[in-house]
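In this document, chain identifiers A, B, C and D correspond to the written order of the chains, with residue numbering beginning at 1 in each.
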Amino acid sequence: MTSSDTPVLHELRNVVKRFGGVTAVNDLSMTVNRGTVHGLIGPNGAGKTTVINLITGLFDVSSGSILFQGQRTDTLEPHRIAALGISRTYQNVRLFSGMSVLEQVLTGCYLGRGTSLFASFLGTPDARRKWKASRETAMHLLERVGMADRAGELAETLSYGEQRRIEIARALGSDPKMLLLDEPTAGMNHAEASEIGKLVHELRDSGLTILMVEHNISLVTEFCETCTVINFGQLLAEGTPRTCIDNPDVQTAYFGKKRDALGL
Amino acid sequence: MTLFLEQLVNGISLGSLYALFGIGFGLVFATLGVLNVAHGAYASWAAILGYFSVDYFGVPFPAAVAIGVLGGGLIAVTVDQIGFQPLRGRKTGMLGALITSIAFLIILDSLAGMATNHQSWAFPSSSFPSGMVDLGLIRIPEMQIIIIVATLVCGGGIYALIQKTGIGAAMRAVGWNAEAAALSGVNPRIVILLTAFLAGATSGLAGVLGGAATSNISYMLGEGLLLKGFAAVVVGGFDDVRGTVIAGILLGICEVFVAQYLSTTYRDGFTYVLLLTFLVARPRGLFGSRDFMRA
Amino acid sequence: MEALLDFWYAYSATLAFGLVNSLFALSMYSVLSAGILSFTTVVFAAVGGFAAAQMMGTFGLPLWLAVVIAGLLGGLASAIIAALFLKLETHWMALASLALILISRVVVLNTPSLTGGVMGMVVPVRASVLELAVLLAIVSLVFFRLHKSWYGLAIRAVREDAAAASTMGVSARQIQMIAFLISGVVGGLAGAAMATTLQYISADTFYLGVAFTMIASTVLGGSFFWFGPIVGAFVFTALPTITQAVLPEIQDIAKGVVLLVIMIYLPRGLIDPRARGLRKAARQRQQSALNGSDAVEARPGSSTAGHAHD
Amino acid sequence: MNMLETSKRTLLSAVYMAVALGIAAPAHADPDAGEYRIGMISDDSGPIASAGQSYHQGADIAVAEINSKGLAGEGVTLALDIKDSGSDAARAVQAMTQFGSDRGILATTCCILSAIAAAVSPIAMSNEVPLVIYGATRASLPQEPYVTSVVALPGPQEVAMSERLAAELKPQKVAYFLSGDNDIFKARAMAMKEVIEKSGAATVAEISTLSADTDFTGPATQGIATDPDLIVVMTTQQPTVGIITALRQRGYEGTIVTSEVLSPPAIFKKSGETITGIPFALSFQPGVSDSEAAVAFIDAYKAQYNALPDVYAAQGYMAIQFIAQGLKTLSGKPTRQDLAKAMWGTSDIAVNPYGGQPMESGQARTPNTLIVNWTKDGEVKLWEKP
């Protein structure tokens, strides 16, 4: 079975993650189809970011397996997973201190640099050409997120919303097949969030698959085609956003605790 | 047999000094996250202050010990407040505090060198318990008994303080997570000051007692203690006072016997190889807790 | 003219030690800039120093050949040590590297056939200031190119946030391994430079004193750009010479006080590229506030505080 | 490089001048009146500062005496330019380079540690400045013509002392405390062992200690357990005092013999009774040395520092006297080259507190040997069989 035969791009199979005595993710299975925007939702502390960390290899799974394009990734190191084409942003923006906006995105282009570290050190003509190309890619990505005019500035001096956009540009630098967005609209007002939504749809239309962690269900119904709801690390519901919200378990999980989280 | 037993006591006494010194070093590392290379300077200064108080003011030995201990503690608190306090809350990690402590090592050692005229002094043998105790089979110097008892008392006391009291719980909490410590309701400032003082005071006690027992009061006294105390802490496990005491004593015994039966030149090598082995193969030490990692 | 020449010769030794200490500091910087606090430079320098001394003394090799061999052996030593150390958590690596310095001193003392043991070794060749300057220039060029290359970008990312960098495809292990190798080669060169400047080396030449000096130089000058350690090394080398001329009693204390003041008021060192960006941003904020336009909401420094935890 | 050419020029002009002067004034004349600076790299701080300060003070006394008595010539005065090395080789090398390139410095003196002496000697040679080594005892340090040493090589004194001890005490079982990291002290101990073993005494223990050690309870216990009737302690100063203290505290009452490291008054102030009666050999000791020069030196030192000079002070004193003596033989404007040649050719140091100090090829030969010990009242007297 070659990977392009099936609509499934990414899959979690019975994944368990324990920290000491605490089970953060419990027997979770989940599939993400090619070219879709998939939402991963759940109340606070449901284990959403843990799932993202498991997918990107920052955490090792305790048991179960993770497959990307049919290939197991749960035993790979994070940089190998990134090389397969999975890229991500962080819930609490993690840009590199001391780097300019352009440098942040250039770092994101590391995988697509097309030259060896040694050639780049020597500054061979080819390496120079490739470097210039990467720079252009980075500038282009910055234009896409509307940050091109801030390219020379120190990223950490920009506003939170701007930093989030830079982070998305950085994540796109490696030309990924799948993009994981961890609460991309946290701390944004509705107008800013809509802009992100527009960007997400543009990216999907250009062929990217997106897995988006969201806390706010109303945004999920707006952005996502399919979604998975988890609570206490366990699967609660899956399907279209609508069917998920109508699921009684999801209702209890949300309404039982925090009614306004639905925003309905 | 007599030789063996006497050497054993020598080793225990030597190791007790390492342990006594190491307790504070480990405490500061585990609680405050500072790898404090100036810890040895506290011992030197305590010994020097104790010696001066005997030499110039003729105070009795117990008072000299008290002065040294108090002095060591106060210097440690001063160093902490001048040097380490401004770094807290900044993202300088271990490096910042290490550099500051190197700065204090240079400053305190230089000042100690000036104070002693760069010479080595000794408590007059009449001013401290320099006799021998006859235990039938073996004879032991009085100072060795004092050192061993002092280490056990200090080690036990500090262990009880950390494990059984509210402030001890707060100290442990600071080591794990400063925010959790704030939640426990104890003022973190008090925890910091207390930890620094205890560390300086125990280092000072090791300095005065060691200085008296070895007839060597000098500005370099702390340096030797620092390297061996460091080894004791690593082998014992950073966050466990019991581990430090046991590892320190074991190290002392090993040193004495390696020197006697193998060679002096291998003695230090033995200690340091043991140190490296533990760092690489078992970083939590003999008794350290499994999950302890300074973040 | 004579006076100028005299001045040059009087301080040529200080200059020479400044150059040597710069190499030590750059070796330290190489690993520090990958987020690793390791003092193993001293061990690499011991390997390089004694190797160079043997090459020139016993085998009569010329200076530059001996220096190159010293660098290679330093690199070899670093490969072995890195393989052992890179799996350690950072704090433990710092401690392990200190332990390794203590051990290597014992080894040096107990292998007289290689190192002269307690007698130490006399080095028959002295490197001129010019030769040392050329060596530092070559090493500086390497660091300059590294900084400008993909490696430079990757190592900054690894240092600031290794986990985030790894999700961008940067292998922290690979970068840190390269950093260690560079540190080893430069450390070996530093050892050879020290040997040919002092013309006498022993176990004490490569011990804790030089470890403290090089870390202090690196932090003083700034460990965020390769030029920082060089500046720091020169300041730290010249300081005692200057204070000796003014107030000889306090030369050591002055060193400590300078270090302390820097740590408290300039914790990122004298050379800090980030400070320029921050100043620029501050200026812009002021400007926009004056223009009455919408103020930029900045959260400096907060963006990188996260950890790889949920 | 330029430096070399400059100094070649000076050398040439010096030769011309010397020739010219030689023709004009065949009779001996003093050097030109004026102040000449001597660079001294001291050990005023650092691990061996206690000895270092003695050398420094001895040198100061010599300068005062030379200047007041005109020992270096009519109207010729010396001034010491001190740079403290803290016993750090790198600092010593920097200091030596500065002295070497400072034209105002006529000669230099340095170094207790052989390691540092080895490091600064090549600089003295390449800068063509006379260097008088005091303190450092390694063989073959002098280099013609610039580097000379006023320190006699160790050995003969130990041998003399060992012969006397073996003859008078007739020890049967001897234990040796050696230095594991100081080859010179180790060699001295071995020289003694050879003599003592030849007299028929058995070696019951050889216990090695390190210079940085402070705890000697283990070694002392080990030594006493072999029940020796003579213990030889041949290590650097701190360990020597520590070992003797530990031996006595543990109740060893037999004879201990050691080296001149025990001689400084500060050691008696520190250790008092513990070290009384322990013989050691040296060449100079206040209260024993009674030559005119020795008495003058002791009086001057006492007047200046309100303390008695030790053997280290005597060496520092002699280093400067040696330079002054060389200087006195020159005439006109003295150059470093002429001074070095004059000093290299000196066959004995005239003003010395030893009662004679022969020199040979820039190297001091062993002067007289005094075997002394501390008494209870804090005086040093010739040792007598107890």
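Everything that follows uses one rule, which is that contacts are C-beta pairs under 8 Å (C-beta built on N, C-alpha and C of every residue); 3 or more make two chains touch, one makes a residue touch a chain.
Keep in mind that this is a model prediction, so the values were computed, not measured.
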> What is the set of chains touching both subunit B and subunit C?
Replying inline: D
> If you tally contacts for every chain pair, which pair is highest?
Replying inline: A-C
> Just by CA atoms, which chain is the most central one?
Replying inline: C
> CA centre of subunit C versus CA centre of subunit D: separation in Å?
Replying inline: 39
> So what's the Cα centroid distance for subunit A and subunit B, whole Å?
Replying inline: 50
>> Roughly how far is subunit A from subunit D, centre to centre by C-alpha average, rounded to an integer in Å?
In response: 75
> By residue number and range, which residues of subunit A touch two or more other chains?
Replying inline: none
> Which residues does subunit B have that touch at least 2 chains other than itself?
Replying inline: 110, 265, 268
> Using the touch rule from the top of the page, what residues of subunit D touch 2 or more other chains?
Replying inline: 45, 180-181
> Think of each chain as a node with edges to the chains it touches; is that a line, ring, star, complete or other?
Replying inline: other
>> Let me make sure I understand the interfaces: which chain pairs count as touching?
In response: A-C, B-C, B-D, C-D
> What part of subunit D is in contact with subunit B in the complex they form?
Replying inline: 44-47, 49-50, 52-53, 180-181, 207-210, 212-219, 221-222, 225, 238, 241-242, 245, 249-251, 266, 270-274
> subunit C touches which residues of subunit B in the complex?
Replying inline: 35, 37, 82-83, 86-87, 90-92, 94-96, 98-100, 102-107, 109-111, 114, 227, 230-231, 234, 265-266, 268-269, 272-273, 275-276, 279-280, 283, 293-295
>> List the residues on subunit B that touch subunit D in their complex, please.
In response: 2-3, 6-7, 10-11, 13-14, 17, 110, 113, 117-122, 124-125, 130, 132, 139, 141, 144, 210, 213-216, 218, 220-221, 223-224, 255-256, 259-260, 263-265, 267-268
> Contact residues on subunit C for subunit A in the complex?
Replying inline: 145-146, 148-151, 153-154, 156-157, 160-161, 163-173, 178, 224, 273-274, 277-278, 280-281, 296-306, 308, 310
>> Can you tell me which positions in subunit C touch subunit D when the two form their complex?
In response: 5-6, 8-14, 17, 109, 117-120, 122, 126, 128, 197-200, 202, 204-205, 209, 240-241, 244, 248, 251-252
